[in-house]
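First chain written, first letter: the chains are A, B, C and D, and each begins at residue 1.
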Amino acid sequence: MMLKQFDKVSTREKIAIRAEREIVSGSYVNLGIGMPTKVANYIQADKKVILQSENGLLGIGRFPDKHEVDPDLINAGKETVTAVTGAAYFSSAESFAMIRGEHLDLAILGGMEVSESGDLANWMIPGKMIKGMGGAMDIVHGAKKIVIIMDHLTRHGEPKILKECQLPLTGKNVVDRIITDRAVIDVTKDGFVLQETAQGWTIDEVKESTGAKLHVSKQLIEEAF
Amino acid sequence: MMLKQFDKVSTREKIAIRAEREIVSGSYVNLGIGMPTKVANYIQADKKVILQSENGLLGIGRFPDKHEVDPDLINAGKETVTAVTGAAYFSSAESFAMIRGEHLDLAILGGMEVSESGDLANWMIPGKMIKGMGGAMDIVHGAKKIVIIMDHLTRHGEPKILKECQLPLTGKNVVDRIITDRAVIDVTKDGFVLQETAQGWTIDEVKESTGAKLHVSKQLIEEAF
Amino acid sequence: MKEIYQTFTEAIEKMEDGATIMVGGFGLVGIPENLILALVESNVKHLTVVSNNCGVDDWGLGLLLKNHQIDRMIGSYVGENKAFERQVLSGELKVELVPQGTLSERIRAGGAGIPGFYTPAGVGTPLAEGKEIRSFEGKDYLLETALKSDFSLIRAAIGDKHGNLQYAKTAQNFNPMMAAAGKVTIAEVEQVVETGRIDPAYIHTPGIYVDGIIEGKQEKRIERLTVQQED
Amino acid sequence: MKEIYQTFTEAIEKMEDGATIMVGGFGLVGIPENLILALVESNVKHLTVVSNNCGVDDWGLGLLLKNHQIDRMIGSYVGENKAFERQVLSGELKVELVPQGTLSERIRAGGAGIPGFYTPAGVGTPLAEGKEIRSFEGKDYLLETALKSDFSLIRAAIGDKHGNLQYAKTAQNFNPMMAAAGKVTIAEVEQVVETGRIDPAYIHTPGIYVDGIIEGKQEKRIERLTVQQED
């Protein structure tokens, strides 16, 4: 496997920018804590998107100016935020009724491992302190489309896209699409299908760094992002 | 069995006035449709009572003056009402969460038959058009105390307080107390216990008109109401 | 952001014969009057209707009955109109009676991704026949399943252009749960306001549950007018 | 009509060792700050705490941990404080992790007389071990049971003397369900107002769920201050 060096920051930015293209104007979207939250920074001005926060807010706005900070208004990552015009507040039970009831069009979440059948692991590593799953196990069953964004390989250079997940699952058969620094891969009933390669990566390089059989789409777009 | 003649209206009034004594100041109460609703007319002014209406109102007030009528404000009997100061409106799901969750202290409901083990029948007569149970099947399992008010006998002179109900049930083991034109009877684990007789009725007359064994309380009050 | 319909005909034009529809309201309070009138006009047939009640002779769902558009009715208290009894006796109309709390919870479950839940209502009654009974901490409960609809027709007092809704007083009743349980939810509102006019803390139904809204003038018929007796 | 407490000590004086308590809040938002401080002072022990999170080192439920008052914690995301990990590793603290949506629904069920319900969350994960799996329309779900408490300690923005409550923005979170699921529910509010001051259509928690209220000054610590970057 060739060793390539990319700037970590620009890699994450690249993933976020590509992930933004999953968001359709007029849709309701939940962005997971961490890297997925950053996708919001790239949403194009002409798209009308309403972001849901599972702690009880439909219509997350930008970060507040200093004088606007309200300690009672946070997102699920516990960051102070604002609410857009037309927002709604509600309880956690209503929030997860909304999530489980498949009212969200899309959720973009982080991942540790994804399997061929769409299993997702993203909440615990055995032997390490377990902090909890938060809302992830509900969200993966709720949104109409689940997109996982993550680095293609672990810090140790191991594939995270696998035939079977090794880590305890967050959900079974839940992932629709994976976006990494190297590729966009769909989970289909026939297994993984490569839809796009990122700039700087060949089809073979993506295949090599994937731990399961990777079909190549007839509509494959190379160097797509 | 002796034949006694009582004025129907005054009999119903008598039951309602006696039933009012079941209501403790500071409590939350649901009054069933029909005769139970009339109990509200007799609630003593010094009692602080909040009446729940299962269509989504906590804090039923008096009937409106003509100029106050609001078609969007009704009780469960579909009568136009007002709301008291401190009332709350909510959805039917919230209303029955409140009911099933045993947050009401008392429900006073009408009855067709009550059995020794506290079974209640009050929603259908086989062969007749069935209109439905409305909220009764939920309410009998919800309120902390269920009081049934009814005539002691059917129109045909048959007992309505029975060893076993003959009519299809509304709920099993749900009734705590029965108030009729002749008596107050508790449902206990040892069966029916006569607690009070009404004016004009002897213990023996009450026993004769009851279709199950009737124990007499040591604290029996005769001619109590 | 939401479809704002100009005519009630247009608001319901996607409804097809055989659809399952939920219709908000308790008695005649909080019913989508004009959407029901448009349904009558559309003449869609073989409907399954989920609604707490079934209107009166000449108003609300009673109009659909009269026009023989309903095959199956799921409600808690019905038969306040003559056509109902006649159609049940003739076998034209099938009825499923559900305790009111179970009905509202089944509809909530439908919108909330809960396929089934247990409730004490109906244990030991004819309603329990054929249903799973299960004991929790020594008490018996029935398994009940979620209800969803192809179309939910609801009524609110105020709706903004994002579909956020507020209801008036006891006209709330079944409307919020039905909004969430509909594949397509159309809200008839007394007033459409600009987005931002409703305080986000006091929204009863967030716009995510609503697909289209339309402003309509309500008759608000009163079923039982009761007033203070004058001295 | 409700108990209006004058001191936080008095508000929690009926709490006993071994009680199961629910504590509202998401992170540090919407937590009953002063009730928690009074609990620390009371030194009640062996508590089972149901709360989405478990505070931070020096605030919220973290203070109860530090003081070794919690035996068992039921939450969805915990361990944001050092005492937590230490006490879990030493076996002093038992933890039950529950998906956030399941947690909020179990609490709602507790207050709503629903002993159990089915949810997709957790199917195929370690959470499913020992739980009943059931298929509805071809999809698998887990059976989850209701949660109730001996005491629910919640926080609201405004409370009237009938116990009706309103919450501020995202400080609502778990508070309304916990109010309903508590045998005894104490609400710490920023402001007690006369009954009638809150519009009956915009009450988040009807007073029937609340046993006592107390006014308290909130610090409202911010866990993650994020602001617009200045140009």
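Note that in this section a contact is a pair of C-beta atoms (placed from the backbone, for glycine too) under 8 Å apart; a residue touches a chain by one contact, two chains touch by 3 or more.
For clarity, every value in this text was computed on a predicted model and none was experimentally measured.
**Student:** If you tally contacting C-beta pairs, which pair wins, B-D or B-C?
**Tutor:** By the number of C-beta pairs in contact, the winner is B-C.
**Student:** Hey, how far is the Cα centre of subunit A from the one of subunit C, in Å?
**Tutor:** Centre separation, subunit A to subunit C: 37 Å.
**Student:** When the C-alpha atoms of subunit A and subunit B are each averaged to a single point, how far apart are the two points in Å?
**Tutor:** 56
**Student:** CA centre of subunit B versus CA centre of subunit C: separation in Å?
**Tutor:** Distance between chain centres, rounded to whole Å: 29 Å.
**Student:** Going through subunit B residue by residue, note those that touch at least 2 other chains and give them in order.
**Tutor:** Residue numbers touching two or more other chains: 83, 89-90, 96-97, 99-100, 141-142.
**Student:** Multi-chain contacts only, two chains or more: what residues does subunit D have there?
**Tutor:** Each of 105, 108, 112-114, 119-120, 167-169, 200-201 in subunit D touches at least two other chains.
**Student:** According to the definition already given, which pairs of chains are in contact?
**Tutor:** Those chain pairs satisfying the definition are A-C, A-D, B-C, B-D, C-D.
**Student:** Please output the residues of subunit D touching subunit C within their complex, sorted ascending.
**Tutor:** 105, 109, 112-120, 134, 136-137, 139, 141, 145, 166-169, 199-202
**Student:** Show me the residue ranges of subunit C that touch subunit B in the complex, using the header's touch definition.
**Tutor:** Against subunit B, subunit C makes touches at 26-30, 52, 75-80, 85, 88, 97, 99-105, 107-108, 119-127, 157, 167-177, 204, 220-228.
**Student:** Please name which positions on subunit A make contact with subunit C in the complex.
**Tutor:** My answer: residues 26, 28, 48, 50, 52, 58-59, 83, 85-90, 96-104, 141-142.
**Student:** Quick check on the complex: what are the subunit B residues that touch subunit C?
**Tutor:** 53-57, 62-66, 69-74, 77-81, 83, 89-93, 95-97, 99-100, 119, 129-139, 141-142, 168-173
**Student:** Residue numbers of subunit C touching subunit A in their complex, please.
**Tutor:** 1, 108, 110-114, 160-162, 164, 180, 195-196, 200-201, 203, 206-209
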